[in-house]
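Each of the two complexes below includes chain A, the first together with chain B, the second together with chain C.
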Partner chain A sequence: MYSRAYKTAVTIPPLLWVTVFLLVPYAILFCYSFWSVSSAQTILHNWNLQNYLQLARNPIYAQVLFRSMRIAASVTVLALLLGYPLAYYLSFHAAKRKDLLYQLVIIPLWASYLVRGYAWKTILGSDGVLNGFLQYLHITHRPVEFFLYSPFAVIITLTHIYTPFTLLPIYASLEHIPRNLVEASHDLGASPWSTFRRVILPLSLPGVLAGATFAFVLSLGDFLAPLLVGGPSGIMISNVVVSLFGAAYNWPLGAAISF
Partner chain B sequence: MTETAAHAAASGSSAASAAPILSIRQVIKRFGQRPVLRGITLDVASGEFLTILGESGSGKTTLLRLIAGFEDLDSGEIWMGAERLDRIPAHHRQVNTVFQSYAIFPHLSVFENVAYGLRAKYTPKSEIPERVTQALVMVKMGEFTQAAPAKLSGGQQQRVALARALVNRPRVLLLDEPLSALDANLRRQMQVELKSLQREVGITFIFVTHDQEEAMALSDRVALLRAGLLEQVAPPREIYGEPATAYAAQFIGQTNLLRAEVRDGIASAGSIVWHTFGTTGTGTYSLRPECIRLVAESESAGMLPADVTTARFRGRIRNQSFGGAMDLIEIDCGGAHPIRARVPSPGILSGEREFEFAASDAVRVREGESD
Partner chain C sequence: MRTGFQSRRAPFLLSVYAFLVYAFLYFPIIVLVVYSFNGSGVGGFPPAHWTIDWYRQLFMDAALWDAVLNSVMVAAVAVAIALGLGLPAALALDRTDFPGKALFRRLVLLPLILPGIITGLSLLMLFVAVGMKLSLVTITLGHGTALISVATTEIFAGLQKLERAQEEASLDLGANHWRTFWRVTLPNLRVSLIAAGLLIFTLSLDEIAVSFFLLGRANTLPLEIWSRLRRGITPEINAISTLILVFSIGMILLWYRLRTRLQHTDESAAPLVPAAIEGESA
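Let's turn to the complex of A and B:
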């Protein structure tokens, strides 16, 4: 096996990296959350729990946090509903089109996040593509306002951005299922639907879990989509953190929210 | 058709004459442009242990998959009794498969694996535990009911796969090289168990293998498949004793193929001459190594055979390999290929010696298309 020196040599650099650039900043930030800001905008190093008390007392923060969770949960569900069937089709039925379809899933990841965000702005805006289309069909006579600058817009945009992240682990786990298990299930008299429910779905659950985690965590921490298409009602927790650290210059409160 | 081939065909049909349980008719299957099965017609009798024997690429697994319903055939029909099997989906067929790699569901316990087929067919819940236990006891896995499949050895997984298939009481059980992943000892043990299990349950077994010894040991009949065509279908003793083709003779056991000129009831292949009932012309004969006898030096009076039923020839001993009770020796008779003989260990031989064989042991065979 590998020598002790070799093991140490390969473990130290990543461990150092994580410590210096992740754990130490976390610790510093954690300390910040117990400090306060003076009226002269300087940080006072007096240990107290004021920031956490303020978070608990002011319902705005809980509201934003709750909304962020709701949006992230919606995105997760939608991404799974879109991603799973596509991953299933890709893995089991696409045959020759598999490579092409797989590339089509990957390609959007090459486009910048901002570009995709602005694209949704153009689609959902009051003289946007969607409203133009609806008016053209005489389904509505006035632009529908709630498309843009709403939680709805944030959910749509985030679902679009994070569906590939959900699809890929699901696809990987489906690809890992030996095909003779599917054949064995049919052989034993299980219908295609029953085979899906009793063999394919349980064996792909690790992928579903990984995909759902990606969608939930990434959208919960997202601040660009709410900034671009969210409007005041689409504000998420990250936006609050950003504004506290930036414009408000209240690092201690921002740090407290982060934890 | 030669006498032996006609005989083989006759006995082949008689074995399956009592209303075949499975009838494969003119089945053709291609993968893209490549033909895999080129017209297979085969009847399987109820309760029979039939082995489909062939080299890799002969189409044996494809034939099994067509019966199971994992592949669609390009033309032809498969009947099970009065039911057109190839038209119904795999999950409605009364056929179960034991897969080469076992295909045990990794997320289910041994019990749930075996119960899978029963649950899929909505067997009354009260019946399930008893039938599952019964099946597991039958394959000697009674104490592993709640085990996780990952903890089982290859041989144990094999038994679970067998129980999982048999618990459904299929009309035909398909086995796709089920023993090929086991080591030699376990394999021989499983062969014996498989054979007695088949007698016990009385279910028709269709067993696919590339191992001719396994085929001989287990089967009531062997269907020898070669490049998508059936070469011969007959009981193992018959295939061995009266191979229909040169390929069958070579694939099942070792043999010497003698290309002989036949004239007036005398066949001659180089220096080897014997009496035959074969028709005049050129013909290929199969002579098994164990049919050749070393003539004791005191007996070898001359080149004259003792009578018309025995043939004698002389040859130089080129090679001798010790094999315990029997030695395999290679005899140079001046032909392109040495003649191989298996004789009771005679001590070390050298020089030129005399050999004999019964003329009836030289069996006329058809040449295959690509020999």
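Let's turn to the complex of A and C:
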């Protein structure tokens, strides 16, 4: 029912824009990963696999990548452990307060990333709130240093940031489960626990998978939280990319890591 | 409908657990706000000497207000770009078929799913390649581009709720497509457009990962705060964070209101995220 002109008008401008500002840039970044940098700090456009070989050979990169994966995996597991029961509670037991409680999850999701990272910095710091509290209760007498600037701090901060992200797809998939399936399971004599295990959990797995993917990918690519609360032992792979693009000026190598 | 299993009282342990998760989500935010009124610094316990000095200091901080102004300008133009392109993109996804449509959908939604670092770096490469100086303009282009994804999902959701019959009636009564678009489609999308605009504005104000790479000489607010954080922390940052928080929460609640008003059914659950996934798997 739509004329050709109409279709062209709605298709071409966004298509052009995303090609210029998304497709081309992603492609350039990809090309860079096959180029190299000369001693005079200029980019040489000779195609090679040097950057990828360097990544494979130098154990430091593997080490940081491994650590990043471990941090991202911990964040994913924690976010699922926190997110799934809450999503389940919202979907099945929140009753009248459902809307309100749902909005309460949404709010921190959109509250500034930087603000949340900064909040954890003030809590975990050596003269921070947590240490102040422990000393106030005379549990410790000297500030505990390892709270801040550690992988632990990065994991807590990222878990805090990405738990709502993980929860949303899980909640959506729980909401899509037909309630009569759950009732049928009850009527047939299943206990709440086995209803959960045999009916609800399997049906919500797509949401769990989506949520886990979000938490993993986003925390793996995060470079701000490690800078903010991570310290040297909390450096993640994206920080290496940032420093290669900044001070080290090895753009090709940085581009290679990004992929 | 809500019988049997639904109306059962929640198991006690589950309720406690849910409460604890909320506590975890809100604890840092509450600490942040409380300490913005603390006279003796950002740490320590218990907080002492209640004061609004940090807020007073904040209002006299010229550099900070410059950054706020920059951010507002960037966000305003980013909203225009994202809506200007997100609207046709959503129409294209809803109503047309063309080769590469699936790829197009993925590409538009990609910045929603990829870490900001990739989008930021890619755009940096582009601007360097064409010899464009980094400035607020590059940041604006970056935000606008990344947030087309948000505009498209929001408007697409609005389009799906539209009564197609109204448009058909308009066409049958002799209006052309152009006129129908202006007089029927667009007014019907008004709430979606406003909601998307609010959301994009808020997200752009807070954005840091993409801006980080595209920063010229002038700072946006998050980057100004970022550079201060590296010099050391004062409750002044708590104060500005609190204000940002209040502002974002206000905007988001407004957006949520608009969005639920738009949807008569209660399937508004998880608006953006599943849309992105569906976009990916489609």
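Everything below uses one rule, namely that the second predicted complex is superposed on the first by the 240 of 259 C-alpha atoms of A that agree within 3 Å, B and C clash if a C-alpha of one lies under 4 Å from a C-alpha of the other, contacts with A are read in each partner's own complex, and residues count from 1 in each chain.
As a working rule, a residue touches a chain if its C-beta (ideal position, glycine included) is under 8 Å from a C-beta of that chain, and two chains touch if they have at least 3 such contacts.
Every value quoted in this text rests on a predicted model; they were computed, and no experiment measured them.
Visitor: Should A:Pro202 be classified as contacting the first partner (chain B), the second (chain C), both, or neither?
Guide: The answer is first: A:Pro202 touches chain B but not chain C.
Visitor: When the two structures are overlaid on chain A, which partner does A:Glu183 contact: first (chain B), second (chain C), both, or neither?
Guide: Both chain B and chain C are touched by A:Glu183.
Visitor: If you tally the residues of chain A touched by each partner, is the higher count for chain B or for chain C?
Guide: More residues of chain A are touched by C.
Visitor: Give me the intersection of chain A's contacts with chain B and its contacts with chain C, in residue numbers.
Guide: Touching chain B in the first complex and chain C in the second, residues 183, 186, 192, 195 of chain A appear in both lists.
Visitor: Along chain A, where are the residues that touch chain C in the complex?
Guide: Residues 1-3, 5-7, 9-11, 13-15, 17-18, 20-26, 28-29, 32, 82-83, 85-86, 88-90, 92-95, 99, 102-108, 110-116, 118-123, 125, 127-129, 131-133, 135-136, 160, 163-165, 168-169, 171-172, 175, 179, 182-183, 186, 192, 195, 210, 214, 217-218, 220-224, 228, 238, 241-242, 245, 251, 254-255, 258.
Visitor: Under the touch definition given earlier, write down the residues of chain A that touch chain B in their complex.
Guide: 178, 180-181, 183-192, 194-195, 198-199, 202-203
Visitor: Residue numbers of chain C touching chain A in their complex, please.
Guide: Checking each residue of chain C against chain A gives 1-11, 14-15, 17-18, 21-22, 24-29, 31-32, 35, 41-46, 85-86, 88-89, 91-92, 95-96, 98, 104, 107-108, 110-111, 113-119, 121-126, 129, 141, 145, 148, 168, 171, 177-178, 181, 202-203, 206, 208-209, 212-213, 222, 225-226, 229, 233, 237-238, 241, 244-245, 248-249, 252-253, 256, 266-267, 269-270, 272-274, 277.
Visitor: Would you pull the chain B residues touching chain A in the complex into a rising list?
Guide: Of all residues in chain B, those touching chain A are 68-70, 89-92, 95-97, 99, 101, 103, 105-107, 116-117, 120-121, 164-165, 168.
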